[in-house]
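What follows is chain A paired twice: with chain B in the first complex and chain C in the second.
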Partner chain A sequence: MIDAVLQTLLNGAASGGVYALVALGYTLVFSVLGVINFALGALFSLGGYVTYLLMGGRISANGALPGWGLPLGLPFTPALLLAALLTGLASLLVERLAFAPLRRRGAEPLLYLITSLGAGLVLVNLLQMLMGAEGYAFPATALAGLPDALQVAGARIRSVQVLLLAVCTAAVIALTLWLERSRSGRALKAVAEDATTARLLGIDSEAMLRLAFLLSGALAGLGGGLIGVSISLPGPYMGIGYGLKGLAVLVLGGLGSVPGAIAGGLLMGLAEALVPADASGWRDALAFAILFLVLLLRPRGLLGRRQVEKV
Partner chain B sequence: MIDHGLLVQMLIGALLGISVYLPLATGQLSLATPAFYAVGGTLAALLSTRWAALGARVDGSFPLPSFLLELVLGGALAGLLALLVGRLVLRLQGIYLAIATIALVEIVRVAILNLPFTGGAVGIFGIPQPFPTAAGYLPPALALLLLAGWVCQRLEVMALGRAMAAVREDELAARCMGIATTRVKLSAFVLSAVLAGSTGALAAHFLNTWNARQGSFDTAVTMLAFVILGGSRSWLGPVLGGLLLTALPELLRPVGDVRLVLFGLVILLGPALFPQGLVTPALLERLGRWGEGSRP
Partner chain C sequence: MSAAHGIGAGAGPAATPLLELQGLVVRYGAVTAVRGLDLQVRPGELVTLLGANGAGKTTTLRAISSLVPVAAGRVLWQGVERTGCRTETTVRLGIGHCPEGRRVLSRQSVAANLELGAWLRRDRDGIAADRERCYTLFPRLAERRHQLAGTLSGGEQQMLAIARALMGRPTLLLLDEPSLGLAPKLVAEVMATLAELHRGGLTMLLVEQNAAAALEIADRGVVLESGAVQLEGPAATLRADAALRDSYLGAG
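Presenting the complex of A and B:
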């Protein structure tokens, strides 16, 4: 009994951690640019596939390349970190193609929504073309050295979930420390607060914007790799669902709020884990039902700042 | 040889484009159209396959009056839902409204997937056909589009349409002028839902099967692209965008798997190339009286 309770809570916290990563990915870009990067879900998928390939995973690309794989087999940790970096670079490319042309023109925010969704569509369909629509499972040896289950307080729990939670926590702590303590992190916060003033203070706001995209993509890539190894890669569309959940978490916590994204993620993960198994089909609607309620009761999110409309 | 099925699909795309355009004409970004489309389609699929009184025959044919009744019922149910939901969500602004409507789309999708009577992942199939061929769907789809276009055109000279434009340009100023902004936004939202619901009912018969995938986040995005690439300043924009962007993936079919990548590229690069859409205010000016009322 205690096993089941502990495992349920841990499952919730682990998936909540991944939701928080995605929500933080949105938050970074939103705080600097004031728009939502809808390509983030596709970047999440990319992170999963790149981790899989870097670890020597085989693909068949709809039968076009049966048994093809990269001639390397990195262990999980370097593969995950490298995949996060590569996904971050892909995110920079998204910025260049979907955001930069509109920014130079001073276009209305609505257009960013379309172009970033277009970028996501291109990415997901490229993955589908190159990797195939079929799902892939990471090799059983992917987490060699990690025991299947851990004994905690007399209860046996799955260690993959512990790993997930640990990596997410580490990433969130690193990000928070960087934002609060480092020079570049503070510069990013300054740009988020007021881009014009930041520019007058000599902060290169363009560089900060690119940094925000890089980190945002890396967080999504990290999430994709973690979900891939703990569950599987069900297909190139895997990231879309996580992208949408991240959006729900983002609003739940309040747009642009870092602690809000973390708290919202954990809350959402735990709420989902508590859905009984025989109603699991409805689990995917829970996040959005919660989101709906929060929007109606507190339109600025749980930890969001209130804005006053001026004439 | 013209592919009638493709033409019907294009008309459905144009109808859904208008449905996304209507709330946008009051400055509200709502992505709820796929939810209302799914509600209308599911109602039609359920009624025609489960309710014998509508007169579905064993050979798979279906009486025309029942089909028309379903178009009305699909629109009415969607409109009713919009009336209930709209009161709540239209208090939200900007991106919050967009996300709330995405949430609505997801809730409706999961509900259709899990309700005991909507056929789960497979959906409802063998929906009876009021017309023997795809070409038969052209007149009702065209009639629905003309009706929607006529309503939009009439709106331009009606108090409601003018109030919609005022709310789009400056909601606060409109409210100060004594315009009941919430009522105006709600009217546009309900009109949009009625149109999407009727279109869903038509599409359910046309497609012959109906499942939860018909109304997803992806479709919401594609429909928004109809409006943005077509032009969001007049209802002619989403019609043009809907016709072209529905045809594009089908016309690209010969190039194989690359087609969806190319489709994505069009959505990715289109707004930078045509920031005002294909039907620009300047073009409307030249169209003369017909487009005159459409300008803000």
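Presenting the complex of A and C:
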């Protein structure tokens, strides 16, 4: 019994951690630019596939290059970190192609939603062209060093969920410390609060915006790699679902709030974990029911500020 | 009107102006906010830019910092044309800008605001020394250094905004209505601080609605009307000018 309870809580916290990563990805860009980057879900998929390839995974028969694989097989940790970095760079490319041209023309914020959604679809379809539409499982040896289960307080729990939660926690803590303590993190917060004043201090707001996109993409890539290794890669559209869930978490926690994104992610993950396995079809319904209820009671989200504010 | 006092730029009136605006024109859509403004600020001078609301004072400062595009005319910095350079470049050149409405970063601490004021500098020791100098100049900021800037009073926020601009170690400090919304006692305090900075050799261009207070500490005054110079001269002369007193000083 205690096994089941502990495992359920851990599962919830672990998927909640991934939702929080995605929500923080949205938050970073939203706080600086005031718009949602709808390509984030596609970047999540990309992170999963890049992690797979970096670990030596091969392309299936339906892919563009059947049987091809990278001539390297990195262990999970370096593969995950490198995939996060590469996804961050892809996010920079999304900024360059889908955001920068509009920004230079001073376009309506609504248009960014369309162009970023378009960029996301292009990315997902590229993945499908290259990798095929079917799912991929990471090799059983992906986490070779890790025992299958851990004994905690007399209960057996799956260790991959512990890994997931640990990586998410570390990423969230690192991001928070960076924002609060480092010079560049504070500069990003300054741009988020008041871009004009930040420029008057000599802060290059364009560079900070690119940094926000880089980090945001890296968080999504991290999430994709983690889900890939703990569950599998169900197909190029995997990230779209997580992207939507992250969006719900973003609104649930309060648009633009870092603690809100974290709290919202955990709440969503735990609530889903409480849905019994034989009713798992109701998971998404429950998630959005919670969102609906919270917004009825607190239109600003759990930790949202009075007006729409940022980081 | 005078030359540099004390440290800093030791140049006389004959030297190249630090900042020169030639025929500056700024438009917001169909509205022309500044129409053919000529202005010089020489090293060590404290020049005050006066005028009614909408006369183009703030726009002039925003054009100097490249926050708004210049439609025509030139901005020269130490004799070199810098019209339309990036805002970051103006800061790098030595133009500090303390904006209208203070604009402190309300969700960061006083200390973090000061640190961001020194964003382009890399001299740790110099930054630390300047921070202490700011705390000496504004002891109330030192007491509140760990507080969020948003929790400060209006007067304290103004002091923080000035201190933050000083942290960039500017050669020229642009100040946009530092007295706005402050109680008379605080206005006097802010003006006294600016006078002290001026005595230390800092060159300043001060935009003010409170003409009386500004002319008290300035070397020279320039009165704008509808985006062009209406009147200019030594501060002492302007203080004695009856017409000016009637149109602007009465209210101040």
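Operating definition for what follows: the second predicted complex is superposed on the first by the 302 of 311 C-alpha atoms of A that agree within 3 Å, B and C clash if a C-alpha of one lies under 4 Å from a C-alpha of the other, contacts with A are read in each partner's own complex, and residues count from 1 in each chain.
Everything that follows uses one rule, which is that a contact is a pair of C-beta atoms (placed from the backbone, for glycine too) under 8 Å apart; a residue touches a chain by one contact, two chains touch by 3 or more.
These figures come from a predicted structure and were not determined experimentally.
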| item | value |
| --- | --- |
| Which superposed partner A:Ala285 touches (first chain B, second chain C, both, neither) | first |
| Partner chain(s) touched by A:Ala190 [first = chain B, second = chain C, both, neither] | second |
| Chain B versus chain C as contact partner of A:Asn125, first or second or both or neither | first |
| Which of chain B and chain C A:Ala277 touches, first, second, both or neither | neither |
| First (chain B), second (chain C), both or neither touched by A:Leu201 | second |
| Most chain A residues touched (candidates chain B, chain C) | B |
| Common ground on chain A, meaning residues reached by chain C in one complex and by chain B in the other | none |
| Complex contacts: residues of chain A adjacent to chain B | 35-36, 38, 62, 97-98, 101-102, 105, 107, 109-111, 113-115, 117-126, 128-129, 240, 244, 247-248, 250-251, 255, 281-282, 284-285, 288-289, 291-292, 295-296, 299, 309, 311 |
| Complex interface listing, chain B residues touching chain A | 29, 88-89, 91-93, 95-96, 98-100, 102-104, 106-107, 110-111, 113-114, 172-173, 217-218, 221, 224-225, 228-229, 257-258, 260-261, 263-272, 275 |
| Contacting residues of chain C [partner chain A, same complex] | 65, 67, 87-88, 91-92, 97, 99, 103, 105-108, 112, 115-117, 119-120, 164, 168 |
| For the chain A and chain C complex, residues of the former touching the latter | 183, 186-187, 189-190, 193-194, 196-204 |
